[in-house]
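In the two complexes below, chain A is the common chain; its partner is chain B in one and chain C in the other.
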Partner chain A sequence: MKLHNADKTCWNCPAIDLAGKVDFRACGQSVESFQKNLPEDSDVLIMAECKRRPELGLFDPMSITFEECPEWIESPYGYMLKDMRVMILGIDGYLGWTLALWLGSLGFQVSGIDNYARRMWLMEQGADTVVPIAMMPERLEVAKQVLGQEINFRRMDISARSQLREFIADVQPEAIVHYAECPSAPFSMIDAEHAIEVQRNNVLGTLGLLFIIRDTVPESALLKLGTMGEYGTPLTGRPIFEGMFPADAVLRWDNREWSLGGELTPRDPVSFYHVSKVQDTFNVYESCKYWWLRSYDIMQGVIYGVHTPQLAADPRLRTRLDIDEWFGTVINRFVAQAIVGIPLTIYGAGEQVRGFIGLRDAMQCMTRLIVSPPEPGQYGVVNQMSGYYSIRELAEKVARVGRREFGLDVKIQRVENPRVEADRHPFEPIFENLPKQFGFEPQVSPEDEIYRMFELLTQPHIRKRIQQMMYHIVPRTWWTGEHRRVKTIELIEPDQEVIGGDGHGAKPSKYTQPSPALTKE
Partner chain B sequence: MGAAIRLTDRNFEREVLESDIPVLVDFWASWCPPCKMVEPLVDELAREYAGRIKVGKLHVDRNPQTRDRYRIMGVPTFALFRKGRLLCQRVGAQSKAQLLQMLSEVL
Partner chain C sequence: MPRTRMVIIGLDGMPFGLMHKFAQDGTMPNFGELVRHGTFRQMASSLPEISSVAWSSIITGKNPGEHGVFGFTDIAPGTYRLTFPNFRSLQAIPFWEREDAGRSIIINVPMTFPAREMNGVLIAGFVALDLERATWPPSLLPLLHKLDYRVDVDSQKAHQSLGLFLQDLAETLQARIAAYRHLWHHEEWDTFMLVFTGTDRLAHFLWDAYEDSQHRFHQDFVSHFQQIDQIIGEIASSLQPGDRLLMLSDHGFEKVKQNVFINFALQEHGFLSFEKNSRPSLRTITEDTQAFALDPGRIYLHLQNRFPRGGVKNNDKESLLRDLESLFRSLEFKGERVIKRIYRCEEIYYGDQTYRAPDLVLLSQAGYNLRGNMRPSTLFSQDIFTGKHSQEDAFLLIWGDAPPTTQKTITVSDIVPIMDQLRGG
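The block that comes next holds the complex of A and B.
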């Protein structure tokens, strides 16, 4: 079978040197200087040189495909540029560390930066990862010993532009994965300081990075982590397209018709964190337009899971796992709650529907995107998810696995929703680009990954850490600005009818207190 | 690969201006999201009207001579040619209905 990126050409390849040979209008580069040197009978107008194969001299970048180029070799995820240099920003994080080991095992040359901000943000709230992780020097040493991987790490803030510029210029990454953002909606809603810090780190960090890429590695692909939360859940029920409207989407008004094809779709972010991601989207989009940067904006669904073969190779190689109200994602939190006997907390009606993706599938997607770089100037978008579920359905799944496989008495509780969001809404996400264009096939089922999570998190030392973190599990951060623990609305027996009330009568759980207003009823 | 033919500065004369049948040209660029999005529509038209209308795509950054000759200042631009003459052109993404309306002049 033909690999998904077989027909891509040097036009897409980061090893190409187009500088001065293509009319990069906004870069101040001109095609004129090149054309002067062209033979009159030449059949091509755009020529380039290959940084990896200088012996080719000047050639037409459309004339060699990945399939034909000896620098691109077959891998399980498509043709892969030999020893491709990938820099991961935020390499100490849940995704960053996982991706570093994953890519390293495939033969990529991995480098990365991190300033441990994620660790600090949790520490500030009194929380911590429940899966213990060492500091980077030790993690790097274990990666070397156990997996034979050499990762080029620098402790660095993405905002330290001169340092970052120097590191990028030195490494010359052929792809840059940008995970160096604060990924928490509740954290951005704590107060003004947190909202400002999240937007400063995310928006300005990304903006500075774009200038650095322009000036040092414009042929490198930027893989920027966005979120499905940028779109919100449009109450019109229209499909949630992959960043842009398709060609056959039309606007009809006043008996006239316009194509919406290629226009960015409306965004409806649901927290100040999500707003930062939307701002990033526009900054990246504009940079592609102004400077011919190449980027994929990866609208990731809610991530969950703990397993990749590399993470499981040694306990010291595990990635972090957060279960607190700020940085824990919903399935990860449910599993932790089930283990320490907290009824799984679903907010409001629990009928919010979200897209999800398992950790290992996310790694597969990232690899496929890295080996299939966008064209010069291309701002591509993928909705990175493998399925969608209501929060209630997921709680049921976690409860089922916990009960059947691990003998746990798992209950579910509906709590007040501290967020401002629609509890019930239409949801029709489109997530076709990754399977159709990049050959992505989901490998992880929620049940299997939930099982693996129970296996890991029920280990005594981790269970103990979850117990120590229990105070941080039930939310206290309200979108309204309040700071109080949410109250239980009702307790639900999994896979059964609601027990303890008609939806108004609150039943106190062991861990949350009933709402005075509701108990009066 | 799409059904529309790849036009260049080198083959424009032969494929478009000397064509026996009308030619719809999609002037596009890789940095232009609407261009990418209308690509399937352009291919669809190429297949549906094969033999009656020729449909071609010209990348404006790789083919600056033709771009400048027709003063393409925005992409996508759709231009309809017949017997070497430019009949009409429209700037911006077009729906299929709009493209068909454009083609109706020569169909």
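The block that comes next holds the complex of A and C.
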């Protein structure tokens, strides 16, 4: 079977140096500026040079496919550029560290920066990761010892532009994964200082990065983490498209019609953090338009999980796991609550529906995106999720696995909703780009991963850390500005009949198989 | 005895007829003066009549089958990779790199990018991607930047506004003149070669303005040549006794009647097809394809032993060539034949690079601009360009005594031997 990126050409390849454009209608006249929309019958050709194969001289970048090029080799995730250099911004984080080890195991040359901001933000709130992690020097050493991976790390703030510019110019990354943002809605809603800090870090950090990419590695692909939360949950029930309206979308008004195809869809962020992500979207979109940068905006669903083969290879290689009200994501928090006997907290009616993706599936998606870079000037968007579920439904799933497989007495509680959001709403997300264009097939069901999480988090030393963090699990941060613990509205016995409800995603397959790596911990 | 110094002034794309007219009517008085004291002849361009091919022949004295440049584009052997030949692709050495060349100053000769080490100075002409790699020695760069030197006019400006284009053309010419003056006065040399390429750009966009004295840009067209004529006068007047001067063009020009898209004809007659649902390009031609064209009228047979998916056997080559020749001879526009002559590879090319050559080269009737676009939607069309290259009427002027020649036709490959004769006496 043909690999998903077999027909991509040097036009997409980060090893290409787009040397110029020539108009051969008039005797090879050079064209100073690139233009996106050349007419189909244009004689204006792009001249390129390959940084890896200079012996090719100048050539039309659309005349060599990944399948034909010896620099692109087959991998489980498509053709992969040999020894491709990937820089991860925010490499110390939950996703960043996981991706670094994942890519390293595939033969990517991984580099990264982090300023430990995530650690500081938690420390400031008196919280910490419940899965213990060492500081980067030790993590790097263990990665080298256990996995044989050399990761080129610099402790650095994304806002330190001159340092970052120097590092990027030195490394010449062929893809840049941008995880260096504060990922918390509640954290951004604590008070003015936190809202400003989140927006400063996220918006200005990204904006500065775009200029650095323009000036140093314009052929590099930027994979920027967005969030499904940018779209909100439109009460009209219209589908949540992947960033842009599809070609056949039409606006009708006043007995007139317009095509909406290719226009950015409306965003309706639900916190100041989400607003920062929306602002990023526009900044990235504009830079692709102005400077022909290449970007994928990854609208990630709510992430969950602890497992990849690399993370499980040694306890010292584990990625962080946060369960506090600010940085914990819902399934991760539910599992922690179940373990220490806190009824799983669902907000309001608990009928909020969200897109989700397991950690390992997210890594698969990122790899497929990295090896299939966007075209120059392309602002591509993917809704990165493997299924969608109501919060209540997920609570039931966690309760079932906890009860049946781990003998825990798990209860569910409806609490006051501290957020300003609809807790009953239509939800029709479109998430076709990754499966159709990039060959993504979800491998992780919530039940599978919930099982693995229980396995890990019930380890005595981790259970103890969860207990120490109990005070930070139930939310106190209100969107209204209040700071008080939410009150319980109703205590619910998990509904055995609803358990494992339909949902819209990968089905459980193998969660009863214990993780072999757990014996090491 | 001091070495004979040689000066060569090139005017890209200038036809014999235009130069003759400007020499006669006083538009270019200095050039006229040289004509009166020299040998002024019509010269044949290369086949095809493309600057990259013609200049490669001019500077090496070789046939395309020897120097290996057959067009602005080429195909990497054994692949469908479309390549853009440049100075590195040239398989013969230019005259200034010969052992006895002495010191040379070479300014704006097309196809000399990227510049490389030599005895003297080289500022490459089009197609050059940046000035840094177009300049030897690199120490010259600060001066060129200071002069706002540009290798080429930005043709995109012409698509926006012909006024902007003319302004850019004038600025490019002034910077080139400033660079030439600096090098003329500050460098020692045995050969000084200066090529004006704005002439070709002007002719592509404004040939109609040349032919129509009422055209709003007619005077701008003429004025460009008057400025060049001043430089010709300046150079001629500062020659030393014994110096020799050549002036030449690489091809001629004529008015475009119609663009003719050869691949459209090939598709229409079943010789060329592309994979379904793919962007037509060399990469996506089907196994059934028998022939395709590259600019301007280079025809390649899709031979089994030449292309990865080629299906044409050597045994079938002759009959396919005949079929194609028959097709091309039949092309007409409003009853007028489009193709003047069809050359087979072996008729016009010789040398060890001939294996890369097109199998046929088409020469059009006057006014028909052959195009090798892979995505044409019609056989004939017109666009913004009003001038096109012509093959038979480039020019050569040898100031002073010319070497005796019995050749009826001089071609661009004869320039190096002529220079040798002039130098050797």
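One rule holds in what follows: the second predicted complex is superposed on the first by the 470 of 521 C-alpha atoms of A that agree within 3 Å, B and C clash if a C-alpha of one lies under 4 Å from a C-alpha of the other, contacts with A are read in each partner's own complex, and residues count from 1 in each chain.
Just so we're on the same page, contacts are C-beta pairs under 8 Å (C-beta built on N, C-alpha and C of every residue); 3 or more make two chains touch, one makes a residue touch a chain.
Just so we're clear, the structure is a prediction, and the values are computed from it rather than from any experiment.
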Touching partner for A:G407 - first (chain B), second (chain C), both, neither: neither
Touched partner set for A:W292, first chain B, second chain C, both or neither: first
Which of chain B and chain C A:E263 touches, first, second, both or neither: first
First (chain B), second (chain C), both or neither touched by A:L56: second
First (chain B), second (chain C), both or neither touched by A:M47: second
Touching both chain C and chain B, counted on chain A across the two superposed complexes: 22-23, 31, 43, 45, 62
Residue ranges of chain B touching chain A (in the complex, touch as defined): 1, 8-10, 29-41, 61-65, 92-98
Contacting residues of chain A [partner chain C, same complex]: 9, 19-20, 22-33, 40-43, 45, 47, 56-60, 62-65
Chain C to chain A touching residues, read off their complex: 12-13, 50-52, 72-73, 76, 79-86, 88-89, 110, 126-129, 151-156, 200-201, 204-205, 279, 281-283, 295, 371, 373, 375-377, 383, 385, 389
Chain B contact footprint on chain A (complex, rising order): 7, 11, 22-23, 31, 43-46, 62, 244-248, 250, 257-264, 288-289, 292, 375-379
